[in-house]
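Let me begin by handing over the structure; questions about it come next.
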Amino acid sequence: MPTLLVVSAHAGDFVWRAGGAIAAATQRGERAVIACLSYGERGESASQWLAGKGLDEIKAIRRGEAEAAASALGAEIEFLDLGDYPLIESPEAVAKLVDVFRRTQPDVVLTHPLLDPYNGDHPAAARMALQARVLAQAIGVANSDGSFPSKEDIIGAPPVFFFEPHQSEQCDFKPNVLLDITAAFPAKRAAMECLPAQKHMWTYYTDLAVRRGVQVKRNAAANLGLAHETMGEAYMRYYPQVTDVLR
Amino acid sequence: MPTLLVVSAHAGDFVWRAGGAIAAATQRGERAVIACLSYGERGESASQWLAGKGLDEIKAIRRGEAEAAASALGAEIEFLDLGDYPLIESPEAVAKLVDVFRRTQPDVVLTHPLLDPYNGDHPAAARMALQARVLAQAIGVANSDGSFPSKEDIIGAPPVFFFEPHQSEQCDFKPNVLLDITAAFPAKRAAMECLPAQKHMWTYYTDLAVRRGVQVKRNAAANLGLAHETMGEAYMRYYPQVTDVLR
Amino acid sequence: MPTLLVVSAHAGDFVWRAGGAIAAATQRGERAVIACLSYGERGESASQWLAGKGLDEIKAIRRGEAEAAASALGAEIEFLDLGDYPLIESPEAVAKLVDVFRRTQPDVVLTHPLLDPYNGDHPAAARMALQARVLAQAIGVANSDGSFPSKEDIIGAPPVFFFEPHQSEQCDFKPNVLLDITAAFPAKRAAMECLPAQKHMWTYYTDLAVRRGVQVKRNAAANLGLAHETMGEAYMRYYPQVTDVLR
Amino acid sequence: MPTLLVVSAHAGDFVWRAGGAIAAATQRGERAVIACLSYGERGESASQWLAGKGLDEIKAIRRGEAEAAASALGAEIEFLDLGDYPLIESPEAVAKLVDVFRRTQPDVVLTHPLLDPYNGDHPAAARMALQARVLAQAIGVANSDGSFPSKEDIIGAPPVFFFEPHQSEQCDFKPNVLLDITAAFPAKRAAMECLPAQKHMWTYYTDLAVRRGVQVKRNAAANLGLAHETMGEAYMRYYPQVTDVLR
Amino acid sequence: MPTLLVVSAHAGDFVWRAGGAIAAATQRGERAVIACLSYGERGESASQWLAGKGLDEIKAIRRGEAEAAASALGAEIEFLDLGDYPLIESPEAVAKLVDVFRRTQPDVVLTHPLLDPYNGDHPAAARMALQARVLAQAIGVANSDGSFPSKEDIIGAPPVFFFEPHQSEQCDFKPNVLLDITAAFPAKRAAMECLPAQKHMWTYYTDLAVRRGVQVKRNAAANLGLAHETMGEAYMRYYPQVTDVLR
Amino acid sequence: MPTLLVVSAHAGDFVWRAGGAIAAATQRGERAVIACLSYGERGESASQWLAGKGLDEIKAIRRGEAEAAASALGAEIEFLDLGDYPLIESPEAVAKLVDVFRRTQPDVVLTHPLLDPYNGDHPAAARMALQARVLAQAIGVANSDGSFPSKEDIIGAPPVFFFEPHQSEQCDFKPNVLLDITAAFPAKRAAMECLPAQKHMWTYYTDLAVRRGVQVKRNAAANLGLAHETMGEAYMRYYPQVTDVLR
């Protein structure tokens, strides 16, 4: 069964930016696993801090919301609880991600782009995901418990796609893949609605899906067969596409 | 029947740089059409000028070789005879290309990349191909005979791929598509051998196919099933890929 | 009286992309002049061609719509009728634009960005606008009627801003100026409604103004005083900003 | 009262590169605060090491010079004494800078650009300044003493400007703001003269101010009113400018 | 005898930007030839237009000054009189440059960089120089009189260096070669003084030579042997350097 | 005696990528020193892990091979044994490299390029090499044993060249120096043959040398005197070239 692995810095990122791709995968019967590096407890929970909640309480709330959203997308989710604002890169954190890669054996990897002047946690997550992906390929790199992987444990070279940041142009995000998420959009919307504290984002990301859907139609070789209200998500492929047919 | 359109500045370019993609298309039963803008009679026929041949004679020789190579690839070829060194851009030349686009209704377009410090004809061909592709989409743009296209005559938005220049890095050519041409390579080799004046290039471009084949294997999610001696060609996709699945 | 000059390839471009800046200028009591290089009669009037209208009729319709939209923005408009699809660059066309620059003496210039893989007319308009701006500065460059300018006729070095293309990232459009158009937006909306053939764009560009408005708020030093529903337009400044205070 | 915050890697940097902007701010009656991350005691004090001075002595000398220079500019200065060559990035150092941001509540931030192949401390300072600016915005990020900020303690989104490095082109420094510092230049010159060990730099940076002043004049919409001997400083704005008028 | 060919858009460009390289070549006993595409009669002669001089008179003055400056540098100069502001690219102009390349057989070529937002003639000159250099290599490309070149007439692949524009960073000019012109500087200064109408530039370009000289010293492997007052010029190499030793 | 210093992440890198430059230096009678940061024991020894060997055994094998290869090139080699996959950057590791720079006093430095999406150790090695080179210049930076350098111990500013990565375009590797290694190639081949576990690479890198040799010939001002079978290596110069003659 093909597996999609999503490495997300905070508890909400995978919903807004990649919910369509995730739901599309699970609707095709594939497995989707979200590795959530932090809960976004410090940097993306302002309303809860303002309401006087404490750190552990906020983490629990965010975890619950993220689990509900993952469920709405048909995906599994796991939390590495590495802390946010800042999300600190370390060999130990990368080693945990190596385990995730080997355990899930992903066919496709989604993560943040490498530049984001508004949020340093996003590129930090991406750098760790990319490093872990390379380390997980090497049979001489031990698992985080010190054991060595078997030939079956190591991974191949799954393609990596960066999902869309909040202010795309400032992040040098130039989409080279436009994904049609029309059929998956209702599930994405349902997942968004699992995040009640960011209700203003529901409309924002619905509008964005319409906008990217217009681009899906404008860049399609022929637009016959495309739904009138095509919804889209934008991605940047990091490694070259390997194919046996140009399309 | 899907159709591949190749816009080539000179009579040999399509062989060395895109022969694998062309043969792969025709082997799948698709149609491939090569629009050859010039014969490369001035800029790429040094040995024949040194042998004392005249312009018309050289054009005839180059035409014959290109026809033989196209035939070896299973492709159709047409010659616009626009002259080379320099290949001069003009509204008239673009209008002829608009006709080609509308007549062939391509699903995929291949041409040169937009930068080449060693050969100005290559980017000139690419600029004209790209302009013609956009003009051919517009129902208000007349054909070169002054007639207006019907709704069926205009084209959609076929993806464009730039094929590999001779010195890739100097042309800012960063491949984002690696094409497996293993099965098509014997046809490509046969086409190369239709160009006897450039015999030293046969080995050169065979080696390049091996090199790009190594990259096909290194960038594939899993290399099971790939031939031991995978052969490859490199491309740059100009517009975003439109897809309903991330792979 | 400060003057804003907008160089627009087609009859509709200035509305969708710069209507807010234009209305804001005229609402401040400044003068705004739109130089429309073509009517977009071939490339942006598909529905009218499909309806069987002829070239002159289409040009007249487009002209009327553009005049109404300019009026809704409080701006003057003039048409150079240079033809579109393709908009052909020529020394003569540039000379006409030199006259426009000298006659209007702009303090600020708006035009298209220099890259647009979807529409070659847009960068062609920008290249001509930029060239004309430099030529208009030189006292040794004659007017298009052969007369020479006086010292008062030549222009200074007005800043140039590129307005937003339809698919920003594909045009390497990285906004470095976010303009608050909240107060001007009703006029922009009214101008959009002067273009009935593109009714689907009304919503599209209203959504875009919301999106850019969110970015206005996120990039403001302090968001006190900003309207709840801030509307925005994005620009790229081409020359360095000259200022006596960093803000 | 508007506040300018300057994050400087070494004790001299703010003088040569941003002295004009600092003096201009204080001359307008604004507050300017310099956060000096190190004294440049190892990497920029060669003459003192050659003279046989010890580490602590050198730090004291550099501190005194920097205080005198800040005073000449009308600015406050504080020293974080993080060490130089290398200036080591750490969460603790960033946390101290978060405190500085919250305490000073800057309206504008100046720091080094992100690339400098000649001096790794400069980009390290910039990365920490940028990270601290984002963290200081978040109400869930504690102060360095573990206390939590109030709603008033957190900061907005002040614009960031990179000042000019020693070899601008090698640092990909492309100025997008040219600041007229004519009135402030005498104060900048006085500050430079507080650094006697680098006397050869006085002329160098005076010449640079002339050079940037020429560019101020060449990029101004109209050069009426500009002083004959306009002096300038060059900056790169990192985030988009937010404005309600294009100028 | 090695030959240096300089392709200059206007009559003064070669002095300010490449005078050191030219004088250094002739001081080594090499030949230097300047191909001046225009006199800069419209765009760079404002003071003479303001003084009421006519076109032919201005061209004659500029020609005389340029001849004197070339002489001060020990160089030959020829004028193609193609007109300026705008310098119009054409196959005929390029053909004349092909003749120049074949006649002079340059070992090194200097010209303007490919981007200059302040002066479109400079990149136009560079594009024509680059195109002519490639055409001059091809034995099948006729001379401008229709005759065909012999094997000895065609040229090899001389390296191309772009000299420094007036506002380097805005032209994406990132020097990758720093030339020590200390010994040649007096001749460059003498050449500058042949251009009395631009007296303010004498100091400006002397200061620039000091600035680039500082960079010569800072980038030299060891600065022993370098003059205290090293003077420099900056260049961008367009094609890769070919060498048999890394230095 | 001129000295070449090569900073290599793993035990084999210097052979494949820089063997020609190293052998050419030693054949000229110069000294070459290779600083090998790790043995590549985890990331580049898959066949030995599959054969069941242990970590220490693998390190010993790799060390022996690297010593043999260095010897075949006439070079000295030292091992810093910093570990690989990941090669972790630290102030301590950089300090050891500072010692190497001061001890060897290199005239030229070779290392990896700064981007490699396939192998994070390569850019990590380059970053540490670049940082150490700058720190080694400063008299106030202590040696790793705490002692301070004398005036003779510190280094100048040796040029840095990045050698070619495995997939050049994906690493933004645009060669600006093409080195003729024809005479040195037999020694490079002998060094390659010291690495029996990577026998398939012998042909691969021989083919690459042919390919780069073709480019040497195509970019040479005149190809007289170049061997028919010119072999080449490609490099990127990081700092500007300092010279007193343009060639």
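Letters A, B, C, D, E and F mark the chains in the order given here, with residues in each chain numbered from 1 onward.
We adopt the following convention: a contact is a pair of C-beta atoms (placed from the backbone, for glycine too) under 8 Å apart; a residue touches a chain by one contact, two chains touch by 3 or more.
Heads up on the chains, UniProt names are A, B, C, D, E, F = 4-oxalomesaconate hydratase.
All figures in this text were calculated on a predicted structure; none of them were measured in a lab.
Asks: Once the contact rule is applied, which chains count as partners of both chain C (4-oxalomesaconate hydratase) and chain D (4-oxalomesaconate hydratase)?
Replies: In this structure, the chains that contact chain D (4-oxalomesaconate hydratase) and also chain C (4-oxalomesaconate hydratase) are A, E.
Asks: To reach chain D (4-oxalomesaconate hydratase) from chain A (4-oxalomesaconate hydratase) by way of touching chains, what is the minimum number of steps?
Replies: 1
Asks: Where in A-D, A-F or E-F does the C-D interface recur, with over half of the contact pairs identical by residue number?
Replies: E-F
Asks: Please state the rotation angle, between 0 and 180 degrees and to the nearest 5, that superposes the Cα atoms of chain C (4-oxalomesaconate hydratase) on chain E (4-oxalomesaconate hydratase).
Replies: A turn of 120 degrees brings the C-alpha atoms of chain C (4-oxalomesaconate hydratase) onto chain E (4-oxalomesaconate hydratase).
Asks: Compute the distance, rounded to whole Å, between the mean C-alpha positions of chain B (4-oxalomesaconate hydratase) and chain E (4-oxalomesaconate hydratase).
Replies: Each chain's C-alpha centroid was found; their separation is 37 Å.
Asks: Send over the residues of chain F (4-oxalomesaconate hydratase) in touch with two or more other chains.
Replies: 118, 170, 175, 215, 218, 234, 239-240
Asks: Going by the touch rule stated at the top, which chains touch which?
Replies: Chains touch in the following pairs: A-B, A-C, A-D, A-F, B-C, B-E, B-F, C-D, C-E, D-E, D-F, E-F.
Asks: For a test of understanding, state which residues of chain D (4-oxalomesaconate hydratase) touch chain C (4-oxalomesaconate hydratase) in their complex under the given definition.
Replies: Touching chain C (4-oxalomesaconate hydratase): residues 4, 21, 24-25, 28, 107-108, 110, 156-159, 161, 175-180, 215-216, 218-223, 234-235, 237, 239-247 of chain D (4-oxalomesaconate hydratase).
Asks: Would you tell me which residues of chain A (4-oxalomesaconate hydratase) are touching chain F (4-oxalomesaconate hydratase) in their complex?
Replies: So the residues of chain A (4-oxalomesaconate hydratase) in touch with chain F (4-oxalomesaconate hydratase) come to 91, 94, 130-131, 134-135, 138-141, 148, 151, 238-240.
Asks: Under the touch definition given earlier, write down the residues of chain F (4-oxalomesaconate hydratase) that touch chain A (4-oxalomesaconate hydratase) in their complex.
Replies: Per the stated touch rule, the residues are 41-43, 45-46, 49-50, 55, 58, 85-86, 88, 117-120, 170.
Asks: Which residues of chain E (4-oxalomesaconate hydratase) touch chain D (4-oxalomesaconate hydratase) in their complex?
Replies: That would be residues 118, 167-170, 172-175, 204, 207-208, 210-211, 214-215, 218, 234 of chain E (4-oxalomesaconate hydratase).
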